[in-house]
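First chain A sits with chain B, and in the next complex the same chain sits with chain C.
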Partner chain A sequence: MSSGAIVALTAVLIAASCALCGVFLVLRRMAMMADAVTHAVLPGLVGAYVLANGPNLLAGLVGAAAAGLLTVWLVEVLTRSRGLKEDSAIGLVFPAMFAIGVVVVSKWYSGEHIDTDSILFGQLEFSWLDHFMFQGRDLGPTSFWMGGGLLLLNTIFLAVFYKELKITTFDPQEAECLGIKPRPMHYALMAVVAMTAVGAFSAVGAVLSVALIVIPAAAALLLTSRLPLAILGSVGIAAIGSLGGHASALKFDVSIAGMITVILGLVFLLAALISPRKGLVAQFFRRRTQSRRFAAEMLVVHLLTHEGTAEEPIESAYVHLLDELEWSPKYAALATREARGRGAILMVGDNFRLTASGREWARDLAEQKRFMPA
Partner chain B sequence: MNPAVTVRDLTVAYREEPVLWDIDLDVPEGTLTAIIGPNGAGKSTLVKAMLGLVHSSSGMVRIYGRPYDQVRQRVAYVPQRGEVDWDFPTDALDVVLMGLYGQIGWLKRAGKKHRKKAMECLDQVGMADFAHRQISQLSGGQQQRVFLARALAQDADLYVMDEPFAGVDAVTETAIVKILHELRSQGRTALVVHHDLDTAPEYFDRVVLLNVRLIADGVMSETFTTEKIRAAYGSRVAAIAQ
Partner chain C sequence: MNLLHDILFDYTLRSVTLGCMILGTVSGVLGSFAVLRKQGLMGDALSHSALPGICVVYMLTGEKTPILLMAGAGLACMIAAWLIIKLVDNLGIDSGTSLATILTVFFGGGTVLLSVIQRGASANKAGLDKFLFGQAASLTMDQAGAMAAVGGFALIVVFFLFKEFKVISFDPLYARSIGINDQRLGALLTGLLVLAIVIGLNTVGVILMSAMIIAPGAAARQWTDKLNKMLLIAAAIGSGCGLAGAIISIQVEGVPTGPAIVLCLAAVSAISVLFGTARGYVWTQKRRAARLAS
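After this line comes the complex of A and B, so read on.
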């Protein structure tokens, strides 16, 4: 396998793992916590490195999970006992954790397996270098083992606890009443996130890790209102981001981690534009339809008010819309076009007349508004 | 016969600020009881403390004579509608199915039997046509009825509801009242946090008047009096209620 293919596949495996746990983090509005945990795993990794006397994947995962859970717990303690807001508590805890890791690495391990550069920006580029050796046999790139392991971990976690994750996210009180405890679920999810963060961390570094966790999930949740589809979509978007990011980074000779994040950002932007319910495009059309209908409604109610009165010939004339209703010619045209399109009015000479259905519509409207509770 | 709910000496405080002081209360089986009191009286806190959703500083709660942990299956809770995120990616049927998660068990998915049950409950509250509607697309009243259906799916003996009538339309209000009467006719019990003094005597048999302390508790005709409402709310509101 070429070094490029190894790098691309590593990126896909790790991004897909992040995308899986990301969905529930985004639904729980915990993007900030995700950022905190991805940074806070560093001292855990360093501790594991020291204890295991070198790089060791399992020790690293355990250390990261411990550091991640410590962060979550510290934030909880600060929020409860000191009355801090959660975001302030997060802002206090994770830089402290991260700083401890950075200090230790820069003092004793600079130039070794982990240095400050790779902490900040990851080492995806070099993922093909390290091979997993067991009893003298080469078992392929270490990054595959890590990425594949994390993907398996996340898949199993979501499959086993799908119901529990869902209900403790949507309605923790109901979950509690049903005997499904939200707190252990919360800590289990955070442990998985912390271990997944190790992958993200080694691939794209501390700064961009949160992007892998949050962006695919957030984009997928814009595109669908079904949870299983959102989870699949999140993984799909992660794969697109990794492959697209890798290819374009090679083409423009720039950082792979940076380019993956850029592509993910673009996908999110696209999702924000075309999202069927919350998208900017959908909102634009919905507003336009609403404002057109309202213009037509004003017109038919106005015509109904003066229908059969002495002023009707004046009130129903086109010029009257401009003079007395103070509509711009453009708005008057929009209202009349919409009302005609709905078959509510006819033009007779210079005047508008309500059709039978237009009259009924106007009466309904007048009635609705009168009886509408404030 | 054990009362459905027994509360003794219940005190709940947030940071040494008492929200509920020394509450003693019995809710007889087969009755519809309203919990009434002004804002900040601790109505929601009372039901949450009963269900262990908030920590109580002291006191004892028994449900059908036993600690709540042992009788979970006999209790269904309907939280306030505003307490969950209705943007959550799911539909009405799925929310009702969540009420059955305690029964479905670990590693298993909701089966045909569960879906059928959930559909029946949606039908009971007039929401069968909306089973596959994304929950954010439902009106407030419809969301409330979905919550009610979820509680019905649990087939409980005690229904604890937090402000089910708050901000709902007339159709929903009628539907909830109908369900409450059905529950009572089946010998079940409902304990409902209620905010509307006007409708309380019409909808409920019993009332708990609360303002941090228990002001009064008993059958509607004897308990829901101007004097006692005044004691709970202060004189001005009681005059309006007349």
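After this line comes the complex of A and C, so read on.
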């Protein structure tokens, strides 16, 4: 297998693992907690490195999970004591954890397996170098084992606790009634996030790990409100992002981790545009339809109010809309076109007249008191 | 005493300590408002978002003129802030997701630009790395001067608009009812926060900047309920930790300034959360016990 393919596949495996736990994090409005945890795993990794006297995958995972849980717990304690709001608590805890990691690395371990550059940007580019050796046999790139293991971990976690995660996310009180405790679920999820962050951390660095966790999930949740679809969608988006990012990074000879994030950002932008319910395009059309209908409604109610009165010839003239109601020619044209299109009015000479269906529509509106007839 | 003499008369040390203290003061004051307005993590997001701005300015000018880099960083931050607010308003997503998305996309874009610059591998490129973790040890008097000018401006604005800022931080609805435009003033406060961030970039770097913004304000809040006192305490904590961190990184080899300052801030925050006279844990418990007893 070529080095490029190994890097691409590693990226997909890790991005997919992140996307899996990301959906529940985003639904629980905990994106910034993910930011905190991905930074805070650093001292855990460093501690494991020191204790195991070298890079050790298992020790690293345990250390990271411990550091992640410590962060979550510290934030909770600081918030509970009422002295601090949650965002301040997060913003206090994770830089401190990260700073401890950076100080230890740059003071004692600079130039070794971990250095500050790889903390920030990860080492995806070199993921094909390390091979997993067991009893003298080469079992393929270590990054496959790491990425595959994390994907397996996340899949099993979601499969086993799907119902519990769902109910504690959407209705914690109901969960409590059913005997499912939200807090242990919360900590279990955060432990999985922290371990997943280790993979992301080693691939794309501390900051961009957050992108892998949050962006595919956020984009998928814009596109669908059905949970299983959102989970599948986020994994798909993660794969598109990592493959697209890898290919374009090679083409332009730039940072792979950076490009993956940029592509994910573009996918998010696309989702924000075309989302059927919340998308900007859908919003634009919805708003336009509404404003057109509103203009037509005002016109028919206006005509109904003066129908059969002495002033009708004056009130129903086109120029009256401009002079007395002070509509702009554009708005008057919009209202009349919409009302005619709906078959609610007819043009008789210079005057508008309600059709039978238009009169009924206007009466309905007047009855609902949406418009107060004078 | 040797150290004191060095700080006062050695050119490098003087600019380093001066720079760190300026940063601590400015970010302490503006961070206090951010903490009160629950915008602490906005500072974190914005500081990351500065990276592409720095890179673009460097690619356009090919130089590291402090004030231009600051301008580029500031512009990128403002665009990011605008986007973060727009995403929440128009897409109905929560602020955390919005922050995390914009933060990482901007930082990722910056990473891409940085890799382009490093491929060019000009002699100057090393300097840009310092924006990530900060390298106060190489602050020049030029930079310290630029920091003082930008920070001084921000503090003067706070001084003159103190009352308005106070109202919109504690009660935006009341502010609106007495005719204060809370949205415009809020945007101004965010703009000033960007100035504080921009000052901090080459001192503590983008990652740890959020601590510079949150910690002094959050710690000061534990000691007082009065805003003017809180600002003064936050400024004192910020500049004190700036000084202490600078000294530690000068004295102990291999410890970068940014993390050193952040660890000092963490220590002060921990003490404040425990022993702060207004909201600290110990006093709150004591008061509660007294209330229960009576």
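As a convention for this text, the second predicted complex is superposed on the first by the 368 of 374 C-alpha atoms of A that agree within 3 Å, B and C clash if a C-alpha of one lies under 4 Å from a C-alpha of the other, contacts with A are read in each partner's own complex, and residues count from 1 in each chain.
Operating definition for what follows: a residue touches a chain if its C-beta (ideal position, glycine included) is under 8 Å from a C-beta of that chain, and two chains touch if they have at least 3 such contacts.
Note that the structure is a prediction, hence the values are computed from the model and not measured.
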{"item": "First (chain B), second (chain C), both or neither touched by A:85", "value": "second"}
{"item": "Touched partner set for A:177, first chain B, second chain C, both or neither", "value": "first"}
{"item": "Partner chain(s) touched by A:160 [first = chain B, second = chain C, both, neither]", "value": "first"}
{"item": "Touch count on chain A, higher of chain B and chain C", "value": "C"}
{"item": "Partner chain(s) touched by A:224 [first = chain B, second = chain C, both, neither]", "value": "first"}
{"item": "Partner chain(s) touched by A:99 [first = chain B, second = chain C, both, neither]", "value": "second"}
{"item": "Partner chain in contact with A:169 - chain B first, chain C second, else both or neither", "value": "first"}
{"item": "Set of chain A residues, in rising order, touched by both chain B and chain C", "value": "221"}
{"item": "Chain B partner contacts - residues on chain A that touch it in the complex", "value": "27, 160, 163-164, 166-167, 169-171, 173-180, 221, 224-227, 230, 277"}
{"item": "For the chain A and chain C complex, residues of the former touching the latter", "value": "26, 29-35, 39, 78, 81-85, 87-88, 90-92, 95-96, 98-100, 102-103, 106-108, 110, 116, 120-121, 206-208, 210-211, 214-215, 218, 221-222, 249, 253-255, 257-262, 264-265, 268, 272, 275, 278, 280, 283"}
{"item": "Touching residues on chain C, where the partner in the complex is chain A", "value": "35, 38-41, 43-44, 48, 87, 90-94, 96-97, 99-101, 103-105, 107-112, 114-116, 119, 132-133, 207-208, 210-211, 213-215, 217-218, 221-222, 252, 254-256, 258-260, 262-263, 265-266, 269, 273, 276, 279-281, 284"}
{"item": "Contacting residues of chain B [partner chain A, same complex]", "value": "48, 51-53, 72, 75-77, 79, 83-85, 88-91, 95, 98-99, 101-102, 104, 107, 109, 134, 136, 150"}
